[in-house]
Amino acid sequence: MELLAPEPVSAGHIYAVTGAILTALGFYAFIVRRHALRQLLAVNVVGAGVFLILGGLGRGPDAIDPMPQALVITGIVVAVALTAFGAAMIVRLAEAPRSPDQGKAGKPDA
Amino acid sequence: MSGAFDLILCLMILGTAGIALFVRDALAAIAFFIAFGNLMGLAWLSLGAVNVALAEIAIGAGVTGILLILARARLLALGDPVHSGDTPTWLWLGAFAACTSFAVLLAATVLSITPESGLDRVVAPLMPGLGIENRVTGVLLAFRAYDTLLESFVLLGALVAVWSLAPARAWPGRPAEPRMADGQMHQVAGASGRVLLPVALVMAAYLVWAGSDLPGGAFQAGTVLAGGLMLAAMGGAIGLPRSDRPLLRAALVLGPLVFLAIGLGGIAAGGFLIYPKGLAKALIVTIEYTLFLSIGVTLALLVAGPPVADSPVPDAGGNG
Amino acid sequence: MNLLGLLVAVPLGFMVAALLLRGSGRWLILAAAPVMAGLALWLALLPPGTTLLVGNWDLPLGILLRADGVARLMVLAGALVIGAIGLHALVDPPGGKDGGAATAETFWPLLYLMWAGANAGFLTTDLFNLYVTLEMVSLAAVALAAMGSLAAALRYFMIAMLGSLAYLLGVALLVANYNTVDVTLLAQVARLDLATVMALGLMTAALLIKAALFPMHGWLPPAHAAAPAPASALLSAIAVKLGFVILLRLWFEAFPAITGSAALHVLGGLGAAAVIYGSIQAMRQDRLKPLVAYSTVAQVGYLFLAFPLVAGAVEPSSAWAGMTLHGVAHMLAKAAMFLAAGLMLKAAAGDRIADLGGLAQAMPLTVTAFGLAAVSLMGLPPSGGFTAKFLLLSAAIEQGAFLYAGVLVVGGLLAAVYLFRALSACFAPLAGAGPDTASRGPVTGGVKAVAPLALAGLAIVMGFAGTALVDVSAIEVPWATPTVIQPEVAP
Amino acid sequence: MMTFAPLLLVFLPLVAAAVSFALPERLSSWRNAANLGVAFTKLLVVAYLLNATEAGLVFEWRYEFLPDNDLVLRLDKLALLFVTLSVFLWLMTTIYAIAYFDRGPNLSRFFGFFNLCVLAATGVAMSGTAITFFLFYELLTLATWPLVAHKGDDKSLRAGRIYLSYTLAGSVAFLAGILWLQSLVGAIEFAAPPDLTGIPALTLTLIFILCIGGLGVKAAIFPLHGWLPEAMAAPAPVSALLHAVAVVKAGAFGIVRMIYDVYGIGTVADLGLGLPLAALASVTILYGSVRALMQTDLKKRLAYSTVSQVSYIILGASLIGPYAVIGGLVHLVHQGIMKITLFMCAGALANRMGIKAIADLDGAGRLMPVTMAAFSVGALGMIGLPPVAGFISKWYLGIGALQSDAAWVVAVLAGSSLLNAAYFLPLLYRAWLLPPPADRPAIRELATTRDRMLILPAAVTALVSLGAGIFASLPFSPLAWVTLIAEGGYLR
Amino acid sequence: MIWTELLVLALLGTGLGFYAAGSLGLLRFPDTASRLHALTKADNVGLGLVALAAAIHWGSGAVAAKLALVWLLAVIAAGTTSQLLARRVRKNEEPDRR
């Protein structure tokens, strides 16, 4: 693995800044891309950016902090769990818009 | 040179992310998102976080990617073309300005912090007491096992949440079969699924075992298992279970339950989630193995989605 | 040895049991409600200063659970509220109209998940652990909201997820900056720098979304209004409170030196605006559940209106107690009100306020529950809401904050306007003598009214237990127990 | 008994309320028995307390419901005056209400809230701290609302809405005033008036205005009286007990407490607040009378008469002289007894003969002589004719005014009495001297038990108001008791 | 030592060459079938060569075995997916031909 992990001068900063940009990029896409599935994707990019900041800033001169790594793994799992739920909701919504309030507010009761 | 490598990698990450976020076609977006996830994995490797790299590639890119692809396919089948509606120009501009300033501010903030592995010093001396080498596993399953315990329940809860979306008639039922419609394709996929499932199982078991000392762990392994299960299901090598099968329920809760039980057992040893002296490694490995099984099954079912009403399966030979 | 962990572990155990028992898992609440109430009561009576280092791992790394006043009160109120909602859901199952069996079954694991998450969140001092608990609660909350309106739930989901990530970003900055995310440790090392300000800003914004403070409240009314009654009750009683409690930890414990008075007044001003805006929106609703949902927007405002008052006090103050008690009183009263509203709407001809006619005769107990809950929400005595508002108003007047005092007063009046509107509609005769309304017989002694009545009754009884509650709320108030966190002073 | 006597007085109506709520309509006789039993028990308790208090005992119950804010129920002589009044009238009204409603709908609810109102009124009377007072004062508001809206028709619901908007706004002002004062001097105990020295006069004046304004809503001081005539949409027993006694008196009683037990007459005099209040009360007296004169509906006329009469109490309190105080306080009792007589009679007339408008009163005296006799006693008392109790109040007020060098008040009293006569005497004239319209069926006034129960309370209160005037000099008469109170502390 | 290094370098170079050819084919070939043809064959060989290079570089039996497993899995995955893709393509094109 040493092959790919050279001595970085401040590799941590490079990745952390990348993470920062990713986060902002994701937020931006979230705002302008209105389809729910694309928003879900955008949220995942934001998540990746946040994780990268966490990892990048935990990268010391000789080692990477295990604590942020653990936090990121936890974060990734939480993110995938929520993404799965979100995707399922999006599909279900397309199948059958289940919303009693719309039915009753708009027209007289069906 | 290494700096250049990092820089190029970061640019590629940003590039793929940009395409994934802004390209019109949804499928292309998802494809680039998966590429983005794999590059993120490389970034984690480059940072020296092999555990995270595994998790990112397996979960962040793999499972999330499949989730998005499946969701898109189902949306298309339902007549939703997955086009983003037009957003007004002022929104684009306003959001652009806001997000640019946010990016600058955040980058400045990030640069104001010196990267350091501050807690490594704290973790290192505690590791011998656990009897395992992988510090990340140490943090996940000992020092912050509480987080991980709760997280395993989040995963389980997500599946419950997905199930809660099942239509009235579909409960308790099976998720929609991700099976190939074409009979021959079915065979091809099934063949590979049959081959890959045991391989995946072995690999996953190895990942858990290695996770004590080398990179790996329950979550990464669980993903591999989930991948094997999904492939097998796509090929029809295994059927998707009804959501109320007792065995399935048992498999789902096994890991979290064992984790919880060991945590509560710790009360006898002095407090919640305390591992008795000398038993730490054994308990951690127990937790990891059970957790990996449950995570694998949970992830596979998360991807499969909520149960659907039993309708005639779109049959390959139906329109001969 | 102490058993703080049980408050989280036991509901998780019940969640597992509910999943294993499948359809019959609903009966578990019969055991869960008393067990959790007992545990919560035990927590409330613990000697001050009770903490638990999970797994005995020391602080910068480990996670500290702490039974301070806020945690005690919130856990206790949560246990009573969730237990009552659960028992209520036995007689008024959430799967009613078209959710069907899936809803009826999955409601239970989600309830326990939210219970565990809320308890874990109230007890922990670790900001990352709080992230996980926040996700537990949000996940359950969105799923519960989806039982009503999927569209509203999806909106809630997206905004909540973005909020979570903003919070996590804040945590990331803090962990990099201080190498710790424990609130008690941060309190010692906090310094004013870019990272801290940025982190605090991000986390605050995220938590304001979760707590649905105006103008970040947009997701709340549709989601809360559409969900089935037990789900709405859980959402408004529990889900919005966790964000608020985390903000308390951040603003008053970790970074009291950094949150300047201007920032506090921004929060206070938003709170005041929320009170007014939420009330006016509630007044404008034609339908009952949106009215109740907007009332939550208004009531959340009071919690934040208290921020500058708390900071303006020099010692454990009536403002602190008022704020905490307001949270508790709102939990009880709003849960009761949603449960009662659910029953009323099932009996009424339609979901409009005008359709409620005749209910005071048909279901007097339920309408009484609604009325008692309304009394507490309006801040009329004797009730928990009154006690809280009394304390807040005293603090505001003592500090000469007449603007906030005015909002407190006007907010109560506005609440009276919209709540009495709904209540007096129940006293009106049957709207139209249609065949469906005529068939509605009196449902006087329904067991269904027990849970809302009990919760509303608790909200009223709270008004008589003020002293005890104020004492509990003052346990380990950040500035009351400096010895816990400050280094020893040389003699 | 020493500490629990006040609690018992609160607890008893609570029992009656709980029983009333719990029993279904078909067990109405059980409910009636319970209500009457509790009301009678309470009267016995009060009789005991009167004796004990006269002997110098002070009953007090204390509970710290918030830090530094005690819930205090204290039975001093002033409290007992109000308690006795409300307990006695409660018994009368309960009898009356049972007969009045007979078997109407939703009576469980009605009697439940009715008892809660009495609980609140008793609590208001016994409150030993400002916060306790506020607590019961608000409870009174809340418990009255379902009674006002009882019928559930548009008019009642509207009346309920108006009632709430006035009273809730008032209590908020009152609460703000109390809290402001508390933030300056700490918890306010009536038994130990706070030390107000050193507080700027402007602040004190503002607080006074807030508190009196808040209390004035319930006391129906002009221009805060608008809810009272509207609330006449409520059933007659509600109008009788609540509008004659509980609600308006709670406001007036609160004003007395503010002047004498919070600010103290010295401070009120120093701040120069007595005179404006007296002037306002006088305006209300005259305004109410004029408006009463303009009404064609019997209950509305009585309502405006209440507006006018309650301000006598405030007038007496604000004049700050021994006789004026006695006049004001004794009017608290006298007006209650007389006005309840009038309302019960009006209700009986409406109930038996459908008489609501004044024009329909022709010949009512021939058909319902007992009712009209009681009505006449009440009306004459209101005008202030001896020997009915009303005379005593006005007499003392007049003397008090002269004592306080406020001779103009005598003119107000005289003018008001003339107006009272102008709006009451025509009623008596119509009832007694004009023949009934030909189409009115003849009824036998006391035919059934229910009919007798309907008339009995009014007859009793009419006799009591006569007695209170004739035997004013005997011990335990309202006047004697009020004199005791005045001597005990208000005549410094 | 130098010989092994050289060997590794040569294998890597050839492997990359195959990759390049495969990618070029993917971009340039006209239809799906030929693209698949280029991609699967060239990439599988390319991956095999690179894996071999890596195995020689580390010179450990365990590593070599793992790399062989990786290569095998990649070949199975590529084979399966290209099969599936090709069938899907043919199925989609069938109606046109008839």
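By written order: A, B, C, D and E. Residues from 1 in each chain.
Going forward, contacts are C-beta pairs under 8 Å (C-beta built on N, C-alpha and C of every residue); 3 or more make two chains touch, one makes a residue touch a chain.
As the structure is a prediction and not an experimental result, all values here were calculated from the model.
Chemist: Starting from the defined contact criterion, work out which chains touch chain A and chain C both, please.
Modeler: Touching chain A as well as chain C, we find B.
Chemist: From the Cα centroids, identify the chain that ends up most central relative to all protein Cα atoms.
Modeler: Most central by this criterion: C.
Chemist: If you take the mean of the Cα atoms for each chain, which one ends up farthest from chain D?
Modeler: E
Chemist: Given the contact rule stated at the top, which pair of chains has the most C-beta pairs in contact?
Modeler: The largest set of C-beta contacts joins the chains A-B.
Chemist: Report back the single chain whose CA centre is most distant from the CA centre of chain C.
Modeler: E
Chemist: Could you put a whole-Å number on the gap between the CA centroids of chain B and chain C?
Modeler: About 31 Å separates the centre of chain B from that of chain C.
Chemist: Could you grab the centroid distance between chain D and chain E? Build each centroid from C-alpha atoms only and quote it in angstrom.
Modeler: Centre-to-centre distance between chain D and chain E: 98 Å.
Chemist: In angstrom, rounded to a whole number, how far apart do the mean CA points of chain B and chain D lie?
Modeler: Between these chains, centre-to-centre, one finds 73 Å.
Chemist: For chain A and chain B, what's the span in angstrom between their mean Cα positions?
Modeler: About 12 Å separates the centre of chain A from that of chain B.
Chemist: Spell out, as numbers or ranges, the residues of chain E touching 2 or more other chains.
Modeler: There are none in chain E.
Chemist: Tell me, which residues of chain D touch at least two other chains?
Modeler: There are none in chain D.
Chemist: Please set out, as single numbers or ranges, the residues of chain B touching at least two other chains.
Modeler: Chain B, residues with two or more chain partners: 106, 109-110, 113, 115-116, 118-119, 123, 139, 144, 147, 151, 154, 157-158, 161, 165, 167, 306.
Chemist: Which chains touch, pair by pair?
Modeler: A-B, A-C, B-C, B-E, C-D
Chemist: Can you tell me which positions in chain A touch chain C when the two form their complex?
Modeler: 23, 27, 30, 36, 39-40, 43, 46-47, 50, 53-54, 57-58, 67-68, 71, 74-75, 78, 81-82, 85-86, 89-90, 92-93, 97-102, 104-105, 109
Chemist: Note which residues of chain B are touching chain C in the complex, please.
Modeler: Residues in contact with chain C: 105-106, 108-110, 112-113, 115-116, 118-119, 122-123, 126, 139, 142-147, 149-151, 153-154, 156-158, 160-161, 163-172, 244, 246, 249-250, 252-253, 256-257, 260, 263-264, 266-267, 270-275, 306-307.
Chemist: Mind pulling up the chain D residues that touch chain C in the complex?
Modeler: Where chain D meets chain C, its residues are 21, 24, 63-67, 69, 71, 105-106, 108-109, 131, 134-135, 138-139, 141-142, 145-146, 149-150, 152-154, 156-157, 160-161, 164-165, 168-169, 172, 175-176, 179-180, 182-183.
Chemist: Of all residues in chain B, which touch chain E in the complex?
Modeler: 180, 182, 184-185, 188-189, 191-192, 195-196, 199
Chemist: Under the touch definition given earlier, write down the residues of chain E that touch chain B in their complex.
Modeler: Interface residues on the chain E side: 73, 76-77, 79-80, 83-84, 87-88, 91.
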